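Scrolling down, you'll hit the structures one after another.
Look at the two complexes coming up: chain A is in both, with chain B in one and chain C in the other.
This part shows the complex of A and B:
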């Protein structure tokens, strides 16, 4: 019932963008040419248009916010997945201890015994934003919990992002297209997937920052105002604070500047838009601890500096050109080019030598795999293995941007939108390499689709409004020439391409009418065309609502499944973390695979060995080795790390496929990468991974197998695993070094305690293990040999 | 009296002699293999049935070396999904790199066998599928008992094969030396050409009459990138997926569309990418070009065609997507409406 009641608002909003949009495509030319025909009616129309526009934007914001609430309505107001739990924990710390404490925070609850410097290794933008919102609300006496603020940060920022989209598109193409693009972005599935309520991750605010930075850049480019240029670098700073994806901006804007220079469109506005951004932006970026000197040291930023130099050279050339006579200029030019080239080569040689001295040529692995798509799969399997880094297939495009895929290749033939086109082309290429970057493509696709749809609607409605008289052929030639001359006067002279710019319609009412009449289509087909476009947009809305409701709203911390006898809710994760929080000592160390590290620290408040930050491969490999070893060796590894509890996630009882048994091969691989006595082949029977009767003895004796399947046969008497769909290989066994302390309701999380060392029995043990002090560690070394990597 | 100790001595000496003989034989084999290796440019020895018996079937004591054998079949080189020629060149690279790192080594030799001329050996090794690489170490007594290289070791080509060798024999292969794409002289020549062309290029750019100033070049380039990415072409490049598969049950039938969203074939991606691009281009054509056409009749016909084709294309993509991913997209209506 909740689902259905939630759906009408989005469906109602579906049509709301169109009427104002249509109004505006007709009204805007009026506002621009109001100097010629300004009257009371026109002004009223403007005012009405302005109010309608503001109201529509408000509705769009509401739509963007409410379409992301499916997760709260269907589940509850919880933080989702893995990384958001870390962000939540950091925000809690920030709101409790203040900014300075946060900045200097050394976290000893994770990566035991190493710890992690949080303040210097996170992008602080998201945390600071949510912290500020919380502080603001609390000082207004609105007592919301930190968790609530965190849950709703992403929907709030997607409303902001759709407004930013409006501004950007308006700057490039006018308010009609802007509203259309904003409405489309408000519900694009790709963005929803990262910003549903509860998905408290960097991307949620970063996409807003990305679009807003682009808006300010285009705004500066159009106005040439230093004020906007300064704002632009501040916005860039916010983006750098929020997400590592800022390198996309710092490469895309230089590319556009270079494109402008090469195609002969240098202007002082271009200089103002670019130079302050680089100087101020780089200085500000270096202030963010996690970026620091990377802002000037790594190759990702070199392109911007190179273009900065080129821009100055070009600016100087233009300046000198203005000073000198053409002949003198020619002489000067030859001179400058010869000297300049010599200097350039010297600099380039030094740079190349510097860059070449680093093994990866100064690029990070992820950036390199974007430039050379096959790089990661060849050399960095750990990057290639992450599911977010896979190349997408065509259904992913259909799933994530839906009908926009049809529309965004509609390139508007306008000067102002060359930046948008460049944005689309680069982002569509990047998204082709990594499915994760679909998120960067989404705004570009929305903006261009908005422009395309708005253009199509405008042409078709105009065709229905004004009918062409067939007898007016005589007037066509002259009006055509007039239109062309107008276009030419608006554009730069270098562009000779015939193009239609609907904003350039008529400077006087008479011209307006003739040109309107020229550029129309037959009425009947136009009406059908409008119908088809509305159906297409309707399908888009249905798809988006469906994707938001069904595909992207699962929090993955609470699972549901629908069967014939109703809805089942599996809340085992929180059950287990809650148990640990209440039943274990506050300083106990918990070992689990790294996926559950963030959740354990945030929800159970216990110290973990490894977490989702994965900065230390050796540490992860140690845990992987322990999980892959037999019980005794695993016990030795764990007790040398002071571990008291081991947590495994097991889905065999209810059929939860992403459990530890299915991730186990990665543990073996990563463990074997550092400790060679773990060999993947030992866990595979004829290259197949199985835990049934054909499983290898190493596999069936590994700690992971034992902890997952301990007492499993008691559930149904046969030990049938519902994920792997067969009976397990070893059903009856006892644990010698671990004891089961807690298993959740559906057996999804099982917690084991390390048994204490056995008492010494006279005459039985030759080597005496005495207590859990360092002397024990020494004796362990003799017994365990080199199996334990920590000794 | 005298012969007795003598006989004892003889009995003692016999095994010694035998051993010495074996060692001499081993030395012979090693030097023979080394000379064979020297003849091949990459150091891969070509084995036949006779040389297999000579070098590999010999008793273990007589071969103190390991041999890594690549099983090749010229008749299967044309099968693209086996990647035999590529693996063979990688194998040669591996051999050359090993030789460069350990010159004159007698511990490990690289060899290849061709199926058509040495069927007997294939049978002896028990090889019935390719690609197949085997390592015969001194302690392996029978040919079939030697160790097969796992499929996973072909994954990263020469690098992973080197890891296999290092883990099994303890010998260090050293860095894989790949021949550069262009030789040194070519690079220098290209560099000089590039340097010379720079001033001319700058001049042309300033005059504003290069290819770069033509909008159509930019447009078609952008369209191509769009088309290529949206059709998942990158997936094809990274995963080396073929354009189409042959049906398992019926070899004459070709499979162009693969069910399941995790994988795609080249042809289906390009077909759908073409539909994506086509619809967009048609709408662009209507709003920007068709409005300029004089004849009403042409406009009508063109719009009709665009709408019919557009309708069909969108329907087709939606159908294909639902079929491939198995999703069923549905609306949410108020429950009282049902």
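This part shows the complex of A and C:
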């Protein structure tokens, strides 16, 4: 296609790589004399700059790796939390049985009696990556266990992610900004929180894939090379394999293309960057089983197809414009517009009818809850109940990205930096909806503040360097500032001493394509500015290291607390899972709330009813109803599902706040969403949730209360609950349908066994079970409650 | 109305005259693009006749045609001598990129065809 007749503003020169001197000035303020302009001296400086860059990158990678090792040092090399245990179990299976078995694996140890098709419902990127690393190391005769590889995958990939950030920022601005952004990303707390050693979750590799895909997209946009377009598609494929957040990429890039078209920046490089990505990317996304045909049928991808069509239309318009004279072009436009609008309306009407016919307008539940933050709480309580899906508070922004929240710079405006700005704005919006998505905001914040800081440093160091060299004033007048950050406002510009850098030495001003004079400040304020910026960065580093060490390194499967008599370690979870592993049969089914499903299957190796995948709301509601019902009804529900053991987590003895009694209201809500005879109001006294003497009888008779507080009064004689901070309501009671088989050392996990049915039934109720259930139904109807579907 | 038709005829005439002036290699690429898009349309028509099962084969067929058309358009952009952005890109390099991308595309298609 011919080049457009209305050429974009002359910003192309800004895309040329900055000289390595920028790398220099950001790295060390004192440089060699700039009068060594001879070819040999220049080459030596380039080489030295390159080596310094590489060495700094190596150090940044080491920093990213080592700051994430706090949890290994403080606790042990153990997998954290809940989701990583599932990934660990899948990786174990992969390493033992090979890839083909992994693709075809049907897991019957979870979601009993439904099972789960692992091959089709898991994002395979993380497990395949770790499996490949393990296989590679073992084939080199380095015998690392699968667990070690899993624990350290995240720090390795965070080092890769900081190198990818360097590449992306270098494409957008220059090597100096790249190094700055990479160093900032290596330490940013919100990324550390999801990629600490032991946090073996999808985001560990997905953030690296995200940044790398963006880098390749920007590189293709800048160079217009099809080779990078192919690499971009492959990197996008890796991202689709790794995380459900790939929909962010496939919506952000079309948005950026649309922005470029609308602001008049259409160029043929844009076409080369976008069109092959869409075709190859859709095909590659459809190859991943968990996405499958969703790649062409769900609304999350429609934006990309729409912009694909729009791009072709725009390209055709530019092409025809180049072929015709302006008058004829106007004629062609009027003709096309009249016909085209009619066709467009027809197609749009069909599309809207198709989309409107589906109740969610084609979007999946999770995506809808991102677009409409109130959607989940109204319709899908499970999504609303997950703690990482809550909106973040303002302090969490400061905690997670610290001073980066105040630094941002995107001058000069080019294709690449407009992309970064769009990325920042959209990720700020989405991070405001869900605290988990602060992670997506982190790279954007790091890159833009890296550009800002690097720009500020380069201005200040250039001032100092220039002040030392020349002593005559040669200039006047104002100039555009290169750095637009808030910290630059700390410098006090003085009109008298503004000088014109290098323009006086080199080519005449007419040669420069813009009238951009570089800002130079007097020596004193420049030195003060450099000091202040270094102190600011120092605060940032201190905060990051503190956050990594104290806040984000807890494995949450082992708890510690410091008191006057030393360090207490609470290893109750693993104690309970170990007990279950050794003292129950292999085929026994365990019922617990879905939080503990992954850990139970991975560590205790027992079949569970529900786990953290939460794909079946009715099954979870069944378990919730059972926990909220009285003992007999709960026993019947559980025995209909072949359950042998019930597990509850109880924190009242030691003050562990995330126990099942605190989660109980969610169980009631989710159960009540499917089975209407469970009503939340029955469990609240005057709208308050309490389990003391004022608790409602429904609450005090529920299975969860009984299993948690059985024999609790024996610990201190009064039954004082350290989490709720009052004495419990019902203190002395016996269990009729369950028997306690194990309670851990600090009473955190309690395991109960279902008592088998009695052989002989005494009294008025004779052998027929139908008679028993009919009298039960009578009593239920007498109370006036809704009909219980299990009777 | 007559002015519209005469305008339309003038339009088509000048379009065809301007297009005739493009070099031959670009015209060959254009023909290839037209062929690929026509194949895609035939496939969509056939799908309308016999139904869309198996869907993955239909998708891979249509997307392979559209994909190779898009790549050919990219090649045309890069080889066109009037494009000032690509004047120091040797056409051999552009063609090598085109072949590489087509290889990747068809590898994926082979995998997805089912």
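Heads up, the rule we're going with is that the second predicted complex is superposed on the first by the 653 of 791 C-alpha atoms of A that agree within 3 Å, B and C clash if a C-alpha of one lies under 4 Å from a C-alpha of the other, contacts with A are read in each partner's own complex, and residues count from 1 in each chain.
In this text, a residue touches a chain if its C-beta (ideal position, glycine included) is under 8 Å from a C-beta of that chain, and two chains touch if they have at least 3 such contacts.
Owing to the predicted nature of the structure, the values given are computational and were not obtained by experimental measurement.
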After the superposition on A, what does A:528 contact: first (chain B), second (chain C), both or neither? first
Touch check for A:264: first (chain B), second (chain C), both, or neither? first
May I ask you to decide whether A:335 touches chain B, chain C, both, or neither, giving the answer as first, second, both or neither? second
According to the stated criteria, A:347 is in contact with first (chain B), second (chain C), both, or neither; which is it? neither
Applying the document's definition of touching, compare chain B and chain C: which contacts more of chain A? B
Is A:286 in contact with chain B, with chain C, with both, or with neither (first, second, both, neither)? second
In the overlaid three-chain picture, which partner chain does A:117 touch, first (chain B) or second (chain C), both, or neither? neither
Tell me which partner A:320 touches in the superposition: chain B (first), chain C (second), both or neither. second
Residues of chain A that sit at the chain B interface in one complex and at the chain C interface in the other, please. 1, 3
Which of the residues in chain A come into contact with chain C in the complex? 1-3, 224-227, 229-230, 233-234, 267-269, 271-272, 275-276, 279-280, 282-284, 286-287, 293, 296, 315, 320, 322-325, 328, 331-332, 335
Write out the stretch or stretches of chain C touching chain A in their complex. 7-8, 10-11, 14-15, 18-19, 55-56, 59-60, 63, 66-67, 70-71, 73-78, 80, 82-86, 94, 97-98, 100-101, 104-105, 108-109, 111-112
Which of the residues in chain B end up touching chain A in this complex? 150-152, 156, 167, 195, 198-199, 202, 205, 208, 212-213, 215, 219, 222-223, 225-235, 237-239, 261-264, 268-269, 272-273, 275-277, 279-281, 283-284, 286-288, 290-292, 294, 296, 299-300, 303-304, 307, 310-311, 313-314, 317-318, 321, 324-325, 327, 329-335
Listed in rising order, chain A residues that touch chain B in their complex are 1, 3-8, 11, 262-264, 337, 341, 345, 373-374, 377-379, 381, 391-399, 403, 405-411, 413, 421, 424-425, 428-429, 431-433, 452, 455-456, 458-459, 463, 468, 470, 473, 476, 494-495, 497, 499-500, 518-522, 524-526, 528-529, 532, 536, 539, 542-543, 545-546, 549, 551, 676, 680-681, 687
